[in-house]
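Next come two complexes built around chain A: one with chain B, the other with chain C.
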Partner chain A sequence: MHSFGYRANALITFAVTILALMCAIASLSDNLNSPSPSSQVQVLNINWFQKQPNGNDEVSMTLNISADLQSMFTWNTKQVFVFIAAEYETPKNALNQVSLWDGIIPSKEHAKFWIHTTNKYRFTDQGSNLRGKEFNLTLHWHVMPKTGKMFADKIVMSGFRLPDEYR
Partner chain B sequence: MDSFRSISIRRSTTQAINLGMMMTSALMMWKLWMCVSGTESPVVVVLTGSMEPGIKKGDLLFLHMNQSPICSGEIVVFNVEGKEIPIVHRVVTVHEERETEKVTILTKGDNNRVDDRHGVYADGQLWLEQNHIQGRVMGFLPYLGWATIIMTEKPVIKYILIGALSLLVITSKE
Partner chain C sequence: MDWQGQKLAEQLLQIMLVAIAVVAFATGYFLGSFQMMLLIYAGGVVLTTFITVPNWPFFNRHPLNWLDPSEADGHPKPQLSNSSKKKPTKQK
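Our next item is the complex of A and B:
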(Lines of atoms letter the chains of each structure in order from A and count residues from 1; the text may use other names and numbers.)
(Lines give C-alpha, C1' and ligand atoms only; values in the text may rest on other atoms or scores of the structure.)
Protein backbone atom coordinates (compact mmCIF):
# COMPACT_ATOMS: atom_id res chain seq x y z
CA MET A 1 0.00 0.00 0.00
CA HIS A 2 2.93 2.29 0.52
CA SER A 3 5.20 0.98 -2.20
CA PHE A 4 6.84 3.32 -4.68
CA GLY A 5 4.55 2.12 -7.45
CA TYR A 6 1.33 2.98 -5.61
CA ARG A 7 2.61 6.35 -4.53
CA ALA A 8 3.79 7.26 -8.01
CA ASN A 9 0.45 6.15 -9.44
CA ALA A 10 -1.55 8.23 -6.94
CA LEU A 11 0.67 11.26 -7.52
CA ILE A 12 0.45 11.13 -11.30
CA THR A 13 -3.31 10.60 -11.31
CA PHE A 14 -3.79 13.55 -9.00
CA ALA A 15 -1.46 15.76 -11.07
CA VAL A 16 -3.22 14.94 -14.31
CA THR A 17 -6.64 15.54 -12.78
CA ILE A 18 -5.59 18.93 -11.44
CA LEU A 19 -4.08 19.85 -14.81
CA ALA A 20 -7.28 18.94 -16.59
CA LEU A 21 -9.27 20.98 -14.08
CA MET A 22 -7.03 23.99 -14.61
CA CYS A 23 -7.44 23.76 -18.38
CA ALA A 24 -11.22 23.60 -17.97
CA ILE A 25 -11.28 26.60 -15.64
CA ALA A 26 -9.03 28.56 -18.00
CA SER A 27 -11.46 27.83 -20.79
CA LEU A 28 -14.48 28.78 -18.68
CA SER A 29 -12.86 32.08 -17.74
CA ASP A 30 -13.12 33.05 -21.40
CA ASN A 31 -16.90 33.26 -20.93
CA LEU A 32 -16.47 36.13 -18.49
CA ASN A 33 -15.05 38.30 -21.25
CA SER A 34 -17.67 40.25 -23.21
CA PRO A 35 -16.05 41.48 -26.37
CA SER A 36 -17.09 44.67 -28.16
CA PRO A 37 -15.45 44.59 -31.56
CA SER A 38 -15.96 47.08 -34.33
CA SER A 39 -15.07 47.03 -37.97
CA GLN A 40 -15.54 48.77 -41.29
CA VAL A 41 -14.93 47.59 -44.82
CA GLN A 42 -14.97 49.65 -48.00
CA VAL A 43 -14.69 48.46 -51.55
CA LEU A 44 -12.35 51.00 -53.07
CA ASN A 45 -12.24 49.70 -56.59
CA ILE A 46 -13.37 46.84 -58.78
CA ASN A 47 -10.16 45.94 -60.59
CA TRP A 48 -11.69 43.57 -63.10
CA PHE A 49 -14.84 41.50 -63.52
CA GLN A 50 -14.90 38.72 -66.08
CA LYS A 51 -16.37 35.39 -67.03
CA GLN A 52 -13.70 32.68 -66.97
CA PRO A 53 -13.35 30.00 -69.65
CA ASN A 54 -14.99 27.48 -67.33
CA GLY A 55 -18.15 29.58 -67.25
CA ASN A 56 -17.77 31.01 -63.75
CA ASP A 57 -17.75 34.72 -63.01
CA GLU A 58 -14.75 36.14 -61.23
CA VAL A 59 -14.15 39.54 -59.60
CA SER A 60 -11.03 41.21 -58.31
CA MET A 61 -11.47 44.14 -55.96
CA THR A 62 -9.43 46.37 -53.69
CA LEU A 63 -10.65 46.54 -50.12
CA ASN A 64 -10.00 48.90 -47.26
CA ILE A 65 -10.47 47.01 -43.99
CA SER A 66 -10.27 48.58 -40.56
CA ALA A 67 -11.14 46.81 -37.33
CA ASP A 68 -10.67 46.97 -33.59
CA LEU A 69 -10.68 43.52 -32.03
CA GLN A 70 -8.70 44.31 -28.91
CA SER A 71 -11.55 43.47 -26.53
CA MET A 72 -11.48 39.90 -27.72
CA PHE A 73 -8.11 39.01 -26.24
CA THR A 74 -7.95 37.37 -22.82
CA TRP A 75 -5.01 35.79 -21.05
CA ASN A 76 -6.11 32.45 -22.52
CA THR A 77 -6.04 33.62 -26.14
CA LYS A 78 -3.39 32.27 -28.44
CA GLN A 79 -4.48 34.07 -31.60
CA VAL A 80 -7.52 35.45 -33.36
CA PHE A 81 -8.13 34.30 -36.91
CA VAL A 82 -10.04 36.93 -38.84
CA PHE A 83 -11.41 36.72 -42.36
CA ILE A 84 -13.77 38.55 -44.68
CA ALA A 85 -16.35 36.61 -46.64
CA ALA A 86 -18.65 37.85 -49.37
CA GLU A 87 -22.17 36.46 -48.94
CA TYR A 88 -24.83 36.52 -51.63
CA GLU A 89 -27.70 34.55 -53.15
CA THR A 90 -28.19 33.34 -56.68
CA PRO A 91 -31.17 31.72 -58.38
CA LYS A 92 -29.43 28.35 -58.19
CA ASN A 93 -27.78 28.64 -54.78
CA ALA A 94 -29.60 29.75 -51.64
CA LEU A 95 -26.34 30.65 -49.95
CA ASN A 96 -22.84 31.45 -51.11
CA GLN A 97 -20.01 32.40 -48.81
CA VAL A 98 -16.66 33.11 -50.45
CA SER A 99 -13.65 34.04 -48.37
CA LEU A 100 -11.82 37.04 -49.80
CA TRP A 101 -9.13 37.74 -47.26
CA ASP A 102 -7.88 36.34 -44.00
CA GLY A 103 -5.28 37.18 -41.42
CA ILE A 104 -3.95 36.02 -38.10
CA ILE A 105 -3.78 38.41 -35.16
CA PRO A 106 -1.19 37.02 -32.78
CA SER A 107 -1.57 39.48 -29.92
CA LYS A 108 -3.60 42.35 -28.53
CA GLU A 109 -1.21 44.98 -29.87
CA HIS A 110 -1.95 43.89 -33.45
CA ALA A 111 -5.71 43.73 -32.93
CA LYS A 112 -6.45 47.28 -34.01
CA PHE A 113 -5.55 47.40 -37.65
CA TRP A 114 -6.18 49.07 -40.97
CA ILE A 115 -5.29 47.33 -44.17
CA HIS A 116 -5.54 48.21 -47.85
CA THR A 117 -5.40 45.12 -50.05
CA THR A 118 -6.75 43.31 -53.08
CA ASN A 119 -8.67 40.14 -52.32
CA LYS A 120 -6.26 37.43 -51.25
CA TYR A 121 -8.48 34.64 -52.55
CA ARG A 122 -10.39 34.56 -55.78
CA PHE A 123 -13.98 35.70 -55.66
CA THR A 124 -15.45 33.11 -58.01
CA ASP A 125 -19.07 32.14 -58.45
CA GLN A 126 -20.50 28.72 -59.24
CA GLY A 127 -21.94 29.94 -62.50
CA SER A 128 -22.39 33.32 -64.04
CA ASN A 129 -24.66 35.24 -61.67
CA LEU A 130 -22.56 38.09 -60.38
CA ARG A 131 -23.52 40.96 -62.68
CA GLY A 132 -25.35 43.60 -60.68
CA LYS A 133 -25.29 41.32 -57.65
CA GLU A 134 -25.84 42.77 -54.19
CA PHE A 135 -23.72 41.19 -51.52
CA ASN A 136 -22.78 41.47 -47.87
CA LEU A 137 -19.24 41.56 -46.58
CA THR A 138 -19.01 39.76 -43.29
CA LEU A 139 -16.04 40.04 -40.96
CA HIS A 140 -15.73 36.72 -39.11
CA TRP A 141 -13.37 36.04 -36.27
CA HIS A 142 -12.35 32.84 -34.51
CA VAL A 143 -10.76 33.16 -31.12
CA MET A 144 -8.33 30.26 -30.71
CA PRO A 145 -7.47 29.75 -27.05
CA LYS A 146 -4.33 28.42 -25.48
CA THR A 147 -6.48 25.58 -24.14
CA GLY A 148 -10.18 24.85 -24.33
CA LYS A 149 -13.18 25.95 -26.32
CA MET A 150 -12.95 28.09 -29.44
CA PHE A 151 -15.31 31.01 -29.99
CA ALA A 152 -16.47 32.49 -33.25
CA ASP A 153 -18.70 35.37 -34.22
CA LYS A 154 -19.14 37.90 -37.00
CA ILE A 155 -20.18 41.39 -38.05
CA VAL A 156 -22.28 41.68 -41.18
CA MET A 157 -21.83 44.75 -43.37
CA SER A 158 -24.35 45.03 -46.14
CA GLY A 159 -24.97 47.36 -49.00
CA PHE A 160 -22.33 46.34 -51.52
CA ARG A 161 -23.10 45.80 -55.16
CA LEU A 162 -21.16 44.52 -58.14
CA PRO A 163 -21.23 46.36 -61.46
CA ASP A 164 -23.88 45.47 -64.00
CA GLU A 165 -21.44 44.78 -66.82
CA TYR A 166 -18.15 42.96 -67.13
CA ARG A 167 -15.08 45.14 -67.23
CA MET B 1 -4.17 -28.84 -0.94
CA ASP B 2 -7.50 -28.71 -2.77
CA SER B 3 -8.72 -25.67 -0.90
CA PHE B 4 -5.40 -23.95 -1.64
CA ARG B 5 -5.81 -24.49 -5.36
CA SER B 6 -9.44 -23.35 -5.39
CA ILE B 7 -8.48 -20.10 -3.63
CA SER B 8 -5.89 -19.31 -6.26
CA ILE B 9 -8.33 -20.20 -9.09
CA ARG B 10 -10.88 -17.89 -7.50
CA ARG B 11 -8.30 -15.12 -7.23
CA SER B 12 -7.17 -15.36 -10.84
CA THR B 13 -10.80 -15.51 -12.02
CA THR B 14 -11.57 -12.39 -10.02
CA GLN B 15 -8.58 -10.64 -11.55
CA ALA B 16 -9.63 -11.67 -15.04
CA ILE B 17 -13.15 -10.39 -14.42
CA ASN B 18 -11.81 -7.10 -13.02
CA LEU B 19 -9.65 -6.65 -16.08
CA GLY B 20 -12.58 -7.42 -18.34
CA MET B 21 -14.82 -4.96 -16.49
CA MET B 22 -12.23 -2.18 -16.78
CA MET B 23 -11.84 -2.75 -20.49
CA THR B 24 -15.55 -2.96 -21.23
CA SER B 25 -16.41 0.11 -19.17
CA ALA B 26 -13.69 2.05 -21.00
CA LEU B 27 -15.15 0.87 -24.29
CA MET B 28 -18.67 1.84 -23.18
CA MET B 29 -17.53 5.34 -22.23
CA TRP B 30 -15.80 5.74 -25.58
CA LYS B 31 -18.92 4.66 -27.48
CA LEU B 32 -21.05 6.98 -25.37
CA TRP B 33 -18.73 9.86 -26.23
CA MET B 34 -19.06 8.94 -29.91
CA CYS B 35 -22.87 9.10 -29.60
CA VAL B 36 -22.92 12.42 -27.76
CA SER B 37 -20.51 14.16 -30.09
CA GLY B 38 -22.11 12.75 -33.23
CA THR B 39 -18.90 11.70 -34.90
CA GLU B 40 -16.92 8.48 -35.18
CA SER B 41 -13.74 9.97 -33.84
CA PRO B 42 -14.56 12.59 -31.25
CA VAL B 43 -10.91 13.19 -30.48
CA VAL B 44 -8.17 13.52 -33.09
CA VAL B 45 -4.47 14.22 -32.97
CA VAL B 46 -3.07 16.84 -35.34
CA LEU B 47 -0.46 15.23 -37.59
CA THR B 48 0.60 18.06 -39.88
CA GLY B 49 1.72 21.65 -39.52
CA SER B 50 -0.71 23.03 -42.07
CA MET B 51 -2.79 24.91 -39.49
CA GLU B 52 0.04 26.59 -37.62
CA PRO B 53 0.46 28.74 -35.65
CA GLY B 54 -3.01 28.23 -34.26
CA ILE B 55 -3.07 24.44 -34.20
CA LYS B 56 0.27 22.72 -34.04
CA LYS B 57 1.35 19.16 -34.71
CA GLY B 58 0.75 17.13 -31.59
CA ASP B 59 -2.32 19.02 -30.38
CA LEU B 60 -5.45 17.17 -29.39
CA LEU B 61 -8.71 18.32 -30.98
CA PHE B 62 -12.26 17.77 -29.75
CA LEU B 63 -14.84 17.31 -32.47
CA HIS B 64 -18.57 17.68 -32.65
CA MET B 65 -20.95 17.03 -35.51
CA ASN B 66 -24.57 17.70 -36.19
CA GLN B 67 -26.78 18.43 -39.15
CA SER B 68 -26.56 22.21 -38.95
CA PRO B 69 -24.97 23.67 -42.08
CA ILE B 70 -21.24 24.17 -42.28
CA CYS B 71 -20.29 27.86 -42.37
CA SER B 72 -17.19 29.40 -43.79
CA GLY B 73 -14.47 29.80 -41.21
CA GLU B 74 -15.17 26.63 -39.29
CA ILE B 75 -12.30 24.24 -38.77
CA VAL B 76 -13.37 20.80 -39.96
CA VAL B 77 -11.95 17.31 -40.13
CA PHE B 78 -12.54 15.43 -43.37
CA ASN B 79 -11.42 12.38 -45.30
CA VAL B 80 -10.20 12.38 -48.88
CA GLU B 81 -10.95 9.26 -50.90
CA GLY B 82 -7.85 7.19 -51.28
CA LYS B 83 -6.05 8.77 -48.34
CA GLU B 84 -6.27 7.26 -44.89
CA ILE B 85 -5.43 10.05 -42.54
CA PRO B 86 -8.14 12.64 -41.89
CA ILE B 87 -7.25 16.25 -42.61
CA VAL B 88 -7.91 19.24 -40.36
CA HIS B 89 -8.39 22.46 -42.33
CA ARG B 90 -10.57 25.54 -42.37
CA VAL B 91 -13.58 26.05 -44.64
CA VAL B 92 -13.06 29.05 -46.92
CA THR B 93 -15.97 28.82 -49.36
CA VAL B 94 -19.49 27.41 -49.05
CA HIS B 95 -22.16 27.12 -51.73
CA GLU B 96 -25.59 25.74 -50.90
CA GLU B 97 -27.93 24.81 -53.72
CA ARG B 98 -31.46 26.06 -53.33
CA GLU B 99 -33.41 23.09 -54.68
CA THR B 100 -31.39 20.13 -53.54
CA GLU B 101 -29.96 21.77 -50.40
CA LYS B 102 -26.67 20.21 -51.40
CA VAL B 103 -23.69 21.93 -49.87
CA THR B 104 -20.29 22.20 -51.58
CA ILE B 105 -17.28 23.27 -49.59
CA LEU B 106 -13.73 24.39 -50.27
CA THR B 107 -11.11 24.15 -47.56
CA LYS B 108 -7.61 25.48 -46.93
CA GLY B 109 -4.99 25.07 -44.28
CA ASP B 110 -4.16 28.33 -42.51
CA ASN B 111 -0.47 27.78 -43.08
CA ASN B 112 -0.81 26.77 -46.74
CA ARG B 113 -0.44 29.29 -49.55
CA VAL B 114 -3.12 27.72 -51.73
CA ASP B 115 -6.44 26.03 -51.15
CA ASP B 116 -6.85 22.28 -50.89
CA ARG B 117 -7.58 21.76 -54.58
CA HIS B 118 -3.82 21.89 -55.07
CA GLY B 119 -2.45 18.79 -53.46
CA VAL B 120 -4.96 17.69 -50.84
CA TYR B 121 -8.12 16.65 -52.66
CA ALA B 122 -8.21 13.65 -54.98
CA ASP B 123 -7.31 14.22 -58.62
CA GLY B 124 -9.98 16.23 -60.33
CA GLN B 125 -11.91 16.83 -57.12
CA LEU B 126 -12.90 20.48 -56.76
CA TRP B 127 -15.26 20.47 -53.80
CA LEU B 128 -16.05 18.66 -50.59
CA GLU B 129 -19.58 17.73 -49.62
CA GLN B 130 -21.27 17.64 -46.26
CA ASN B 131 -20.94 13.87 -46.00
CA HIS B 132 -17.17 14.05 -46.36
CA ILE B 133 -16.93 16.07 -43.17
CA GLN B 134 -16.34 13.98 -40.07
CA GLY B 135 -16.73 16.75 -37.55
CA ARG B 136 -16.08 20.35 -36.64
CA VAL B 137 -13.45 21.39 -34.13
CA MET B 138 -14.91 22.78 -30.92
CA GLY B 139 -11.97 22.92 -28.57
CA PHE B 140 -8.47 21.73 -28.14
CA LEU B 141 -5.70 20.84 -25.73
CA PRO B 142 -2.10 21.55 -26.68
CA TYR B 143 0.71 18.98 -26.79
CA LEU B 144 -1.37 16.03 -25.55
CA GLY B 145 -1.35 14.25 -28.87
CA TRP B 146 2.40 13.68 -28.89
CA ALA B 147 1.98 10.39 -27.01
CA THR B 148 -0.11 9.02 -29.88
CA ILE B 149 2.30 10.32 -32.51
CA ILE B 150 5.26 8.68 -30.79
CA MET B 151 3.39 5.40 -30.43
CA THR B 152 2.42 5.43 -34.11
CA GLU B 153 5.88 6.26 -35.38
CA LYS B 154 7.64 3.78 -33.15
CA PRO B 155 5.24 0.88 -32.56
CA VAL B 156 7.80 -0.76 -30.29
CA ILE B 157 6.91 1.70 -27.57
CA LYS B 158 3.23 0.79 -27.89
CA TYR B 159 3.95 -2.90 -27.37
CA ILE B 160 6.26 -2.24 -24.43
CA LEU B 161 3.60 -0.06 -22.76
CA ILE B 162 0.81 -2.58 -23.23
CA GLY B 163 3.04 -5.38 -22.04
CA ALA B 164 4.07 -3.45 -18.94
CA LEU B 165 0.48 -2.48 -18.11
CA SER B 166 -0.77 -6.05 -18.45
CA LEU B 167 2.05 -7.28 -16.28
CA LEU B 168 1.17 -4.72 -13.61
CA VAL B 169 -2.50 -5.71 -13.59
CA ILE B 170 -1.78 -9.41 -13.44
CA THR B 171 0.80 -9.23 -10.71
CA SER B 172 -1.10 -6.81 -8.46
CA LYS B 173 -2.13 -8.44 -5.26
CA GLU B 174 -5.66 -7.09 -5.01
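Our next item is the complex of A and C:
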Protein backbone atom coordinates (compact mmCIF):
# COMPACT_ATOMS: atom_id res chain seq x y z
CA MET A 1 0.00 0.00 0.00
CA HIS A 2 3.03 2.24 -0.21
CA SER A 3 2.40 3.76 -3.62
CA PHE A 4 -0.43 5.21 -5.66
CA GLY A 5 -0.34 2.27 -8.08
CA TYR A 6 -0.47 -0.37 -5.33
CA ARG A 7 -3.44 1.28 -3.66
CA ALA A 8 -5.29 1.68 -6.96
CA ASN A 9 -4.65 -1.97 -7.77
CA ALA A 10 -5.78 -3.17 -4.34
CA LEU A 11 -8.95 -1.08 -4.58
CA ILE A 12 -9.94 -2.30 -8.05
CA THR A 13 -9.26 -5.95 -7.20
CA PHE A 14 -11.28 -5.80 -4.00
CA ALA A 15 -14.11 -3.80 -5.60
CA VAL A 16 -14.52 -6.30 -8.45
CA THR A 17 -14.39 -9.24 -6.04
CA ILE A 18 -17.21 -7.72 -3.99
CA LEU A 19 -19.19 -6.95 -7.16
CA ALA A 20 -18.97 -10.62 -8.15
CA LEU A 21 -20.16 -11.59 -4.68
CA MET A 22 -23.11 -9.18 -4.89
CA CYS A 23 -24.11 -10.65 -8.26
CA ALA A 24 -23.93 -14.17 -6.82
CA ILE A 25 -26.15 -13.20 -3.88
CA ALA A 26 -28.57 -11.46 -6.26
CA SER A 27 -28.83 -14.71 -8.21
CA LEU A 28 -29.40 -16.68 -5.01
CA SER A 29 -32.13 -14.22 -3.96
CA ASP A 30 -34.18 -15.43 -6.94
CA ASN A 31 -34.77 -18.67 -5.05
CA LEU A 32 -36.87 -16.73 -2.51
CA ASN A 33 -39.42 -16.05 -5.24
CA SER A 34 -41.90 -18.84 -5.87
CA PRO A 35 -43.78 -17.97 -9.06
CA SER A 36 -47.40 -18.93 -9.60
CA PRO A 37 -48.03 -18.35 -13.30
CA SER A 38 -51.29 -19.19 -15.00
CA SER A 39 -52.09 -19.81 -18.62
CA GLN A 40 -54.98 -20.76 -20.85
CA VAL A 41 -55.00 -21.72 -24.52
CA GLN A 42 -58.03 -22.25 -26.74
CA VAL A 43 -57.97 -23.72 -30.22
CA LEU A 44 -60.53 -21.50 -31.95
CA ASN A 45 -60.38 -23.07 -35.38
CA ILE A 46 -58.56 -25.64 -37.49
CA ASN A 47 -57.90 -23.52 -40.57
CA TRP A 48 -56.71 -26.38 -42.69
CA PHE A 49 -55.44 -29.90 -42.18
CA GLN A 50 -53.70 -31.62 -45.03
CA LYS A 51 -51.22 -34.21 -46.13
CA GLN A 52 -48.19 -32.71 -47.81
CA PRO A 53 -47.01 -34.28 -51.09
CA ASN A 54 -44.14 -35.94 -49.19
CA GLY A 55 -46.61 -37.67 -46.86
CA ASN A 56 -46.27 -35.52 -43.74
CA ASP A 57 -49.38 -34.18 -42.03
CA GLU A 58 -49.61 -30.43 -41.57
CA VAL A 59 -52.12 -28.41 -39.53
CA SER A 60 -52.86 -24.73 -39.41
CA MET A 61 -54.88 -23.57 -36.42
CA THR A 62 -56.01 -20.37 -34.77
CA LEU A 63 -55.07 -20.07 -31.11
CA ASN A 64 -56.13 -17.79 -28.33
CA ILE A 65 -53.36 -17.66 -25.74
CA SER A 66 -53.74 -15.88 -22.44
CA ALA A 67 -51.23 -15.96 -19.63
CA ASP A 68 -50.30 -14.18 -16.45
CA LEU A 69 -46.56 -14.50 -15.89
CA GLN A 70 -46.08 -11.46 -13.66
CA SER A 71 -45.06 -13.50 -10.63
CA MET A 72 -41.93 -14.70 -12.46
CA PHE A 73 -40.38 -11.28 -12.50
CA THR A 74 -37.94 -10.38 -9.72
CA TRP A 75 -35.44 -7.56 -9.47
CA ASN A 76 -32.88 -9.81 -11.14
CA THR A 77 -35.00 -10.73 -14.19
CA LYS A 78 -33.86 -9.51 -17.57
CA GLN A 79 -36.61 -11.06 -19.67
CA VAL A 80 -38.75 -14.16 -20.00
CA PHE A 81 -38.88 -16.34 -23.09
CA VAL A 82 -42.10 -18.32 -23.55
CA PHE A 83 -43.17 -20.79 -26.18
CA ILE A 84 -46.18 -22.99 -26.82
CA ALA A 85 -45.41 -26.53 -27.93
CA ALA A 86 -47.82 -29.14 -29.19
CA GLU A 87 -46.90 -32.45 -27.57
CA TYR A 88 -48.24 -35.79 -28.67
CA GLU A 89 -47.36 -39.46 -28.83
CA THR A 90 -46.85 -41.55 -31.95
CA PRO A 91 -46.11 -45.27 -32.31
CA LYS A 92 -42.50 -44.46 -33.16
CA ASN A 93 -41.80 -41.75 -30.56
CA ALA A 94 -43.19 -41.44 -27.04
CA LEU A 95 -42.90 -37.64 -27.10
CA ASN A 96 -43.11 -35.33 -30.09
CA GLN A 97 -42.78 -31.60 -29.49
CA VAL A 98 -43.61 -29.01 -32.12
CA SER A 99 -43.19 -25.35 -31.31
CA LEU A 100 -46.21 -23.38 -32.50
CA TRP A 101 -45.68 -19.91 -31.08
CA ASP A 102 -43.08 -18.09 -29.03
CA GLY A 103 -42.52 -14.69 -27.52
CA ILE A 104 -40.12 -12.60 -25.46
CA ILE A 105 -41.54 -10.73 -22.49
CA PRO A 106 -39.27 -7.80 -21.69
CA SER A 107 -40.85 -6.57 -18.47
CA LYS A 108 -43.40 -7.22 -15.76
CA GLU A 109 -45.81 -4.74 -17.36
CA HIS A 110 -46.02 -6.96 -20.45
CA ALA A 111 -46.28 -10.21 -18.53
CA LYS A 112 -50.08 -10.36 -18.40
CA PHE A 113 -51.28 -10.72 -21.97
CA TRP A 114 -53.57 -12.44 -24.36
CA ILE A 115 -52.98 -12.96 -28.04
CA HIS A 116 -55.10 -14.20 -30.90
CA THR A 117 -52.88 -15.82 -33.50
CA THR A 118 -52.44 -18.58 -36.03
CA ASN A 119 -49.53 -20.88 -35.32
CA LYS A 120 -46.35 -18.90 -35.95
CA TYR A 121 -44.35 -22.00 -36.90
CA ARG A 122 -45.63 -24.89 -39.01
CA PHE A 123 -47.29 -27.72 -37.14
CA THR A 124 -45.95 -30.60 -39.22
CA ASP A 125 -45.67 -34.22 -38.15
CA GLN A 126 -42.87 -36.47 -39.39
CA GLY A 127 -45.26 -38.94 -40.90
CA SER A 128 -49.00 -39.26 -41.11
CA ASN A 129 -50.06 -39.59 -37.50
CA LEU A 130 -52.11 -36.49 -36.82
CA ARG A 131 -55.64 -37.56 -37.79
CA GLY A 132 -57.78 -37.83 -34.66
CA LYS A 133 -54.68 -37.30 -32.50
CA GLU A 134 -55.00 -36.23 -28.88
CA PHE A 135 -52.39 -33.61 -28.04
CA ASN A 136 -51.29 -31.29 -25.24
CA LEU A 137 -50.45 -27.65 -25.62
CA THR A 138 -47.63 -26.88 -23.22
CA LEU A 139 -46.47 -23.43 -22.22
CA HIS A 140 -42.74 -23.57 -21.60
CA TRP A 141 -40.77 -20.66 -20.21
CA HIS A 142 -37.21 -19.68 -19.49
CA VAL A 143 -36.62 -16.89 -16.98
CA MET A 144 -33.44 -15.08 -18.00
CA PRO A 145 -31.77 -13.28 -15.10
CA LYS A 146 -29.51 -10.27 -15.21
CA THR A 147 -26.89 -12.34 -13.41
CA GLY A 148 -26.73 -15.97 -12.44
CA LYS A 149 -28.92 -18.99 -12.86
CA MET A 150 -31.62 -19.34 -15.50
CA PHE A 151 -34.90 -20.95 -14.48
CA ALA A 152 -37.19 -23.00 -16.73
CA ASP A 153 -40.56 -24.63 -16.19
CA LYS A 154 -43.82 -25.40 -17.99
CA ILE A 155 -47.59 -25.64 -17.74
CA VAL A 156 -49.22 -28.57 -19.52
CA MET A 157 -52.70 -27.97 -20.94
CA SER A 158 -54.27 -31.19 -22.14
CA GLY A 159 -57.46 -32.28 -23.82
CA PHE A 160 -57.01 -31.10 -27.40
CA ARG A 161 -57.88 -33.29 -30.36
CA LEU A 162 -57.29 -32.96 -34.08
CA PRO A 163 -60.11 -33.77 -36.57
CA ASP A 164 -60.43 -37.28 -37.96
CA GLU A 165 -60.38 -36.14 -41.59
CA TYR A 166 -58.24 -33.78 -43.68
CA ARG A 167 -59.92 -30.52 -44.54
CA MET B 1 2.75 7.74 3.07
CA ASP B 2 4.04 6.43 6.39
CA TRP B 3 3.48 3.00 7.94
CA GLN B 4 0.46 4.04 10.02
CA GLY B 5 -0.98 5.75 6.95
CA GLN B 6 -0.65 2.59 4.87
CA LYS B 7 -2.46 0.56 7.49
CA LEU B 8 -5.17 3.21 7.74
CA ALA B 9 -5.57 3.37 3.93
CA GLU B 10 -5.99 -0.40 3.65
CA GLN B 11 -8.51 -0.58 6.49
CA LEU B 12 -10.48 2.36 5.12
CA LEU B 13 -10.55 0.75 1.68
CA GLN B 14 -11.85 -2.59 2.95
CA ILE B 15 -14.40 -1.24 5.42
CA MET B 16 -15.78 1.37 3.03
CA LEU B 17 -16.19 -1.04 0.12
CA VAL B 18 -17.91 -3.70 2.22
CA ALA B 19 -20.21 -1.15 3.86
CA ILE B 20 -21.15 0.39 0.52
CA ALA B 21 -21.78 -3.05 -0.98
CA VAL B 22 -24.17 -3.88 1.86
CA VAL B 23 -26.01 -0.57 1.47
CA ALA B 24 -26.17 -0.92 -2.32
CA PHE B 25 -27.48 -4.48 -2.18
CA ALA B 26 -30.11 -3.69 0.44
CA THR B 27 -31.32 -0.61 -1.45
CA GLY B 28 -31.41 -2.46 -4.77
CA TYR B 29 -33.23 -5.42 -3.29
CA PHE B 30 -35.91 -3.42 -1.52
CA LEU B 31 -36.46 -1.00 -4.40
CA GLY B 32 -36.46 -3.97 -6.77
CA SER B 33 -33.92 -2.25 -8.97
CA PHE B 34 -30.71 -3.96 -10.05
CA GLN B 35 -29.59 -0.77 -11.77
CA MET B 36 -29.90 1.20 -8.53
CA MET B 37 -27.63 -1.33 -6.78
CA LEU B 38 -24.97 -0.94 -9.47
CA LEU B 39 -25.18 2.86 -9.46
CA ILE B 40 -24.83 3.12 -5.67
CA TYR B 41 -21.93 0.69 -5.68
CA ALA B 42 -20.19 2.50 -8.55
CA GLY B 43 -20.59 5.79 -6.70
CA GLY B 44 -19.15 4.20 -3.57
CA VAL B 45 -16.14 2.82 -5.42
CA VAL B 46 -15.41 6.27 -6.88
CA LEU B 47 -15.68 7.84 -3.43
CA THR B 48 -13.41 5.19 -1.91
CA THR B 49 -10.87 5.74 -4.69
CA PHE B 50 -10.90 9.45 -4.00
CA ILE B 51 -10.34 8.93 -0.27
CA THR B 52 -7.81 6.09 -0.15
CA VAL B 53 -5.72 6.26 -3.31
CA PRO B 54 -4.20 9.79 -3.31
CA ASN B 55 -1.48 10.47 -0.74
CA TRP B 56 -3.48 12.78 1.55
CA PRO B 57 -1.80 14.63 4.47
CA PHE B 58 -3.71 12.61 7.08
CA PHE B 59 -1.84 9.49 5.95
CA ASN B 60 1.44 11.20 6.94
CA ARG B 61 0.91 12.04 10.60
CA HIS B 62 3.43 9.52 11.94
CA PRO B 63 6.73 10.19 10.15
CA LEU B 64 9.73 8.00 10.97
CA ASN B 65 12.32 9.89 12.98
CA TRP B 66 15.68 8.95 11.53
CA LEU B 67 18.85 9.82 13.41
CA ASP B 68 20.69 12.85 12.11
CA PRO B 69 23.73 11.71 10.03
CA SER B 70 26.22 13.59 12.23
CA GLU B 71 24.69 11.96 15.31
CA ALA B 72 24.76 8.53 13.73
CA ASP B 73 28.51 8.80 12.98
CA GLY B 74 29.22 8.93 16.71
CA HIS B 75 27.75 5.48 17.28
CA PRO B 76 29.24 2.16 16.26
CA LYS B 77 27.78 0.83 13.08
CA PRO B 78 25.97 -2.48 13.37
CA GLN B 79 28.29 -5.30 12.42
CA LEU B 80 27.27 -7.59 9.65
CA SER B 81 28.13 -10.60 11.74
CA ASN B 82 28.50 -13.39 9.22
CA SER B 83 29.10 -11.55 5.98
CA SER B 84 32.84 -12.34 5.96
CA LYS B 85 32.38 -16.01 6.86
CA LYS B 86 29.69 -16.55 4.34
CA LYS B 87 31.04 -18.58 1.50
CA PRO B 88 29.73 -18.18 -1.97
CA THR B 89 27.48 -21.02 -2.96
CA LYS B 90 29.13 -23.71 -4.96
CA GLN B 91 29.03 -23.18 -8.60
CA LYS B 92 29.32 -25.94 -11.08
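One rule holds in what follows: the second predicted complex is superposed on the first by the 164 of 167 C-alpha atoms of A that agree within 3 Å, B and C clash if a C-alpha of one lies under 4 Å from a C-alpha of the other, contacts with A are read in each partner's own complex, and residues count from 1 in each chain.
Quick note on the criterion: a contact is a pair of C-beta atoms (placed from the backbone, for glycine too) under 8 Å apart; a residue touches a chain by one contact, two chains touch by 3 or more.
Computed from a prediction, not measured in an experiment: that's the story for all the values here.
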A:Arg7 touches, of chain B and chain C: first, second, both or neither? second
Partner chain in contact with A:Lys146 - chain B first, chain C second, else both or neither: both
Which of chain B and chain C A:Gln79 touches, first, second, both or neither: first
Partner contacting more residues of chain A (chain B vs chain C): B
Touched partner set for A:Phe113, first chain B, second chain C, both or neither: neither
First, second, both or neither for A:Phe160, with chain B first and chain C second: neither
Partner chain(s) touched by A:Pro91 [first = chain B, second = chain C, both, neither]: first
Doubly contacted residues of chain A, that is, touched by chain B and again by chain C: 146
Residues of chain A touching chain C in the complex: 1-2, 4, 7-8, 10-11, 14-15, 18-19, 21-22, 25-26, 29, 74-76, 146
Complex contact set, residues of chain A against chain B: 5, 23, 27, 78-79, 81, 83, 85, 91-99, 102, 104, 106, 121, 126, 140, 142, 144-150, 152, 154
Interface residues, chain C side, partner chain A - complex: 1, 6-7, 9-10, 13-14, 17-18, 21, 24-25, 28-29, 31-34, 37, 41, 45, 48-49, 52-55
Residue ranges of chain B in contact with chain A within the complex: 53-55, 69, 71-75, 90, 92-99, 101, 104, 108, 110, 115, 137-142, 168
